[in-house]
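Handing you this structure, nothing more for now.
We call the chains A, B, C and D, going by the order they appear; numbering starts again at 1 in every chain.
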Amino acid sequence: MSEDKFNHKHNDKFSHVLRLADHAMILSQRLSQWCGKGPALEEDMALTNVALDLIGQARLWYSYAAELEGKGRTEDDLAFLRDAHDFHNFLLLEQPNGTYADTLMRQFLFDTWHYHYLQALQQSSDQQIAAIAEKSLKEVTYHLRRSSDLVVRLGDGTELSQKMMQAALDELWRFTGEMFMDDEVDVAMHEAGIAPLPSQLKSAWDTHLADVMHAATLHLPDASSWMHKGGRQGVHTEHMGYLLAEMQFLQRAYPGAQW
Amino acid sequence: MSEDKFNHKHNDKFSHVLRLADHAMILSQRLSQWCGKGPALEEDMALTNVALDLIGQARLWYSYAAELEGKGRTEDDLAFLRDAHDFHNFLLLEQPNGTYADTLMRQFLFDTWHYHYLQALQQSSDQQIAAIAEKSLKEVTYHLRRSSDLVVRLGDGTELSQKMMQAALDELWRFTGEMFMDDEVDVAMHEAGIAPLPSQLKSAWDTHLADVMHAATLHLPDASSWMHKGGRQGVHTEHMGYLLAEMQFLQRAYPGAQW
Amino acid sequence: SDAERAFQDRIDAGIRIEAKDWMPDAYRKTLIRQISQHAHSEIVGQLPEGNWVTRAPTLKRKAILLAKIQDEAGHGLYLYSAAETLGVSRDELLADLHSGKAKYSSIFNYPTLSWADMGAIGWLVDGSAIINQIPLCRCSYGPYSRAMIRVCKEESFHARQGYDIMMALCRGTAEQKAMAQDALNRYWWPALMMFGPSDAASVNSAQSAQWRIKLFSNDELRQRMVDQTVPQIEYLGLQLPDPAIKWNEERGHYDFGDINWDEFYQVLKGNGPCNRERLRTRVKAYEDGAWFRDALQAHADKQHDQKKSA
Amino acid sequence: SDAERAFQDRIDAGIRIEAKDWMPDAYRKTLIRQISQHAHSEIVGQLPEGNWVTRAPTLKRKAILLAKIQDEAGHGLYLYSAAETLGVSRDELLADLHSGKAKYSSIFNYPTLSWADMGAIGWLVDGSAIINQIPLCRCSYGPYSRAMIRVCKEESFHARQGYDIMMALCRGTAEQKAMAQDALNRYWWPALMMFGPSDAASVNSAQSAQWRIKLFSNDELRQRMVDQTVPQIEYLGLQLPDPAIKWNEERGHYDFGDINWDEFYQVLKGNGPCNRERLRTRVKAYEDGAWFRDALQAHADKQHDQKKSA
């Protein structure tokens, strides 16, 4: 464990920004594993585009987090030199790509949260956060439109595609709960007028999900089913360590080198 | 690239021992990926046992290599702090596990080489090398007996198993050529009476392969087909980087720590 | 019945029941359930450790971990064999595991998130297992008791090796010590839960006690684990993972906090962090291995036919 | 025939041929082969770079590499579209790729073994591609020439980015510089081979030249690449990857060593280091994606039916 987890609890704004960075970073990393292997050329391009948008957003958030921290760390230090327990992304985002149906469903479930969260974040009392949110929202609006559209077309496609999309939804559902759990960082951010409470976004998320799933002829899993949590607190799934070992190899193997 | 590749060319004995260490290390690493996932409990135990033997051998070779180098590096430094281009194992050994048929065929092809190489190495003019070879040979004799036996039983098993074993053989064949290519290190070692020339082992290898494949009702691929090479010179396949990123993570992420 | 009375008399006299002896159906069934659950735990228990074997930080640690995982497969073998003496095949037992009908220890549904978890598992999980199993070396069913003797011997090695990993981390860098603390915090409660529900909520205990296949209550064993482990935590210089832990002079035991039984039952129901992954991995291994087992059988049949016709 | 003569006259007059124009069958076939081979190269070419995108050393480099890979998919799209104007579908072209009937640039059958390879590919491979393609911006077939104009514009970015990676490595640590040298050594000869066999061994060149779909000989373009690259190597402070490289005052060009054409033909025959992996990856991607493409089609059909019945 690095110092992050133990010494920075006081710095809630740093934690908050870092979480947003980690969400974008880890999902971008997963998406980039599809490069050149998508189901159609147009899809390869679109998915790479989302990965690119997210890495751009991660860079903005990491840079701001580094500034807030004020210890001279860079965006690359934050991305490449923290171990798993210091990453604060949702468990959903680190899940393996699975089939393309799993990848798209993961994207849709996150895009819906991301869209509503950024929308609220535009009203942040922190000008920098509001500005990054506004810029990101332009991209995420497109991400959400795209993934919603694909979920509908693939849900209401063939028998096989419906089955695959339903299986993806059922598989990933247990990771959606933590997106709406408020913790002390959230409460502090909300009280400071910096960010919305995640729990406040749940009904908008539910509504969009219900609409899309209806059009997609997919069934929403039981809302009361057991939900996993821990990602934002640094308690991940076993997939996270492998993801980072690969992602961080060069920075770890050649410490201090400029690239 | 570290200094290894560029400054140690003169130290042929170091290179030679390091190659033996790397063969054992990398194959052991691949085998350990099967832990708890084998096709039968007895098989899990046996395969883990081979992985254990190999890691034991790797430790002996690395320790001796470190001693020969005389720069204060340890067995762990050699295993965990070199990048891919400084590893000198056969390409065959770094290939992904594939199906269990692929794993067994890779094992058999290597065991046959390993057995004959170690047997010759017992006569090394270097006492330490002869001693490690003798100790290793006891284990490898069992490895070869086991993998030969399994190749026969699975080749001459069901239609499916025969097909799978044949496919494994066809797939891995192109990596067997470099086991018998003499390079400058081999020539120097041979001239010093330290090791056999790899090319000298080819006919014993061929004979054992022919016997086993005959009993296994499998067909040997064309002997003149194109062979890949490069592993012993540090030019690997794309799989190697991923294998090392995973294997070396902790040593890289926590430099200098004692475990 | 007379047979049942005679059976219980033998048990009370400390005479071992052997496979060929008459035994009540319920005794047989309870044993099959208990032994197979234990066997399944050994097999599934390879997975959380297998998760770090490719990332072990030194060659020596890697070798020790490999040997441990190999031992676990061996324990699985003894235990399936012990269960088989009761007239059930390994394939039947595995089918129950794969369908979710049979259970394995819930502890293996927790993820291994750092190298320190290899220490915590050896120390706390094998430690608890030993406390559970030592009494079973004296249980009434001969094949089970003999299997337990072998298992316990090896597991005490594993527990010591786990503690050794923790020691190295606690003597290491601040980051390493934090890693050890985190592993202790995450594994402490699940390890306590390994002893099962509290006596008040425990079913079938009385009958099992009478049959001498359960020799101490869950709560007694759990207390033994806490009493044994707290001084070890202190020796490591780690913080206690439960603020309620306190020496109770009067009881001569450590008091400790309330266990979150809701979590226990959620994990049991399949909602633990890794239930799906663990079972899926085992089922996949078994299904992917079908061709292999079939082929060995087919080859053996061919050999047999050849011998007959020769 | 008259049509053929008129066709050739238009070409000689520098007038572009368009999709709807009459053209000789052989012209059409040659173009389909050439354009689709180029398209396939873009698609397969994503893979060696995709191999490092998850391991890029900085966020900025990762973003640049992602953008490059995306551009390549885009080039594939333009080029398949250009080929489609000649009356062949993308699925037919892909089927030929997957069966091994159609080729792609052999350079992508070499492995990417270090981060420096991302530099070498941008610099040497895209650099060579541009030298090949710039003349094609003026080729006789309109859709192809227009696609080439777009492609070349983006590829000159890629080449510069690749050189920038090499610069950073050569200014970096000794290890980084060694990495750059190693990448140059491994990619140099394959990059020279990208221009195809030497003119003496080249088939169909005369006809293609007459049709203005091949405007310079392989050897001319190869010489251009060497002349352009040697000073860059020197500027980077790297050693020349070929001891025979030497400025020839008389020719006004660099001399260089003999190319190992045996290796070239082996790679072409499928024996390159990664031929199997690359093709297998693409075939798997296509097959795994069938459900996706089918579903989008099925959905579109449903929408269409609804509109009709509404």
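Miscellaneous remarks
By our rule, a contact is a pair of C-beta atoms (placed from the backbone, for glycine too) under 8 Å apart; a residue touches a chain by one contact, two chains touch by 3 or more.
Which protein is which chain? UniProt says A, B = Phenylacetate-CoA oxygenase subunit PaaC.
Given the structure is predicted, the values throughout are model-derived calculations rather than measurements.
Looking at subunit B and subunit C, the chains that touch each of them are A. Counting steps between touching chains, the shortest path from subunit A to subunit C takes 1.
The pair with more inter-chain C-beta contacts, choosing from B-D and A-D, is A-D.
Among the remaining chains, the Cα-based centre furthest from that of subunit B is the centre of A.
Subunit D has its Cα centroid 35 Å from the Cα centroid of subunit A.
Here the CA centre of subunit C is 58 Å from the CA centre of subunit D.
Between subunit A and subunit B, the centres computed from C-alpha atoms are 41 Å apart. Shown for subunit B are the residues that touch two or more other chains, namely 83, 241, 245-246, 249.
Residues of subunit D in contact with at least two other chains: 55, 175. An unclassified topology is adopted by the chain contact network, corresponding to no line, ring, star or complete arrangement. In summary, the structure contains touching chain pairs A-B, A-C, A-D, B-C, B-D. Partner subunit A is touched in their complex by these residues of subunit B: 83, 241-242, 244-246, 248-249, 252-253, 255.
Interface of subunit A with subunit D (complex): residues 29, 32-33, 35-45, 48-49, 51-52, 55-56, 58-59, 62, 75-76, 79-80, 99-101, 152-154, 156-158, 160-161, 164, 246-247, 249-251, 254, 256-259. The residues of subunit A lying in touch with subunit C in their complex are 1-3, 5-6, 83-85, 174, 226, 228, 230, 235-238, 240-241, 245. Listing the residues of subunit D that touch subunit B in their complex gives 51, 55, 111-114, 174-175, 178-179, 181-182, 186, 266, 269, 271, 273-274, 277.
Within the complex formed with subunit B, the residues of subunit C that make contact are 43-44, 46-47, 49-50, 53-63, 66-67, 69-70, 73-74, 76-77, 80, 90, 115, 165, 168-169, 171-173, 175-176, 281-282, 284-286, 288-296, 298-300, 302.
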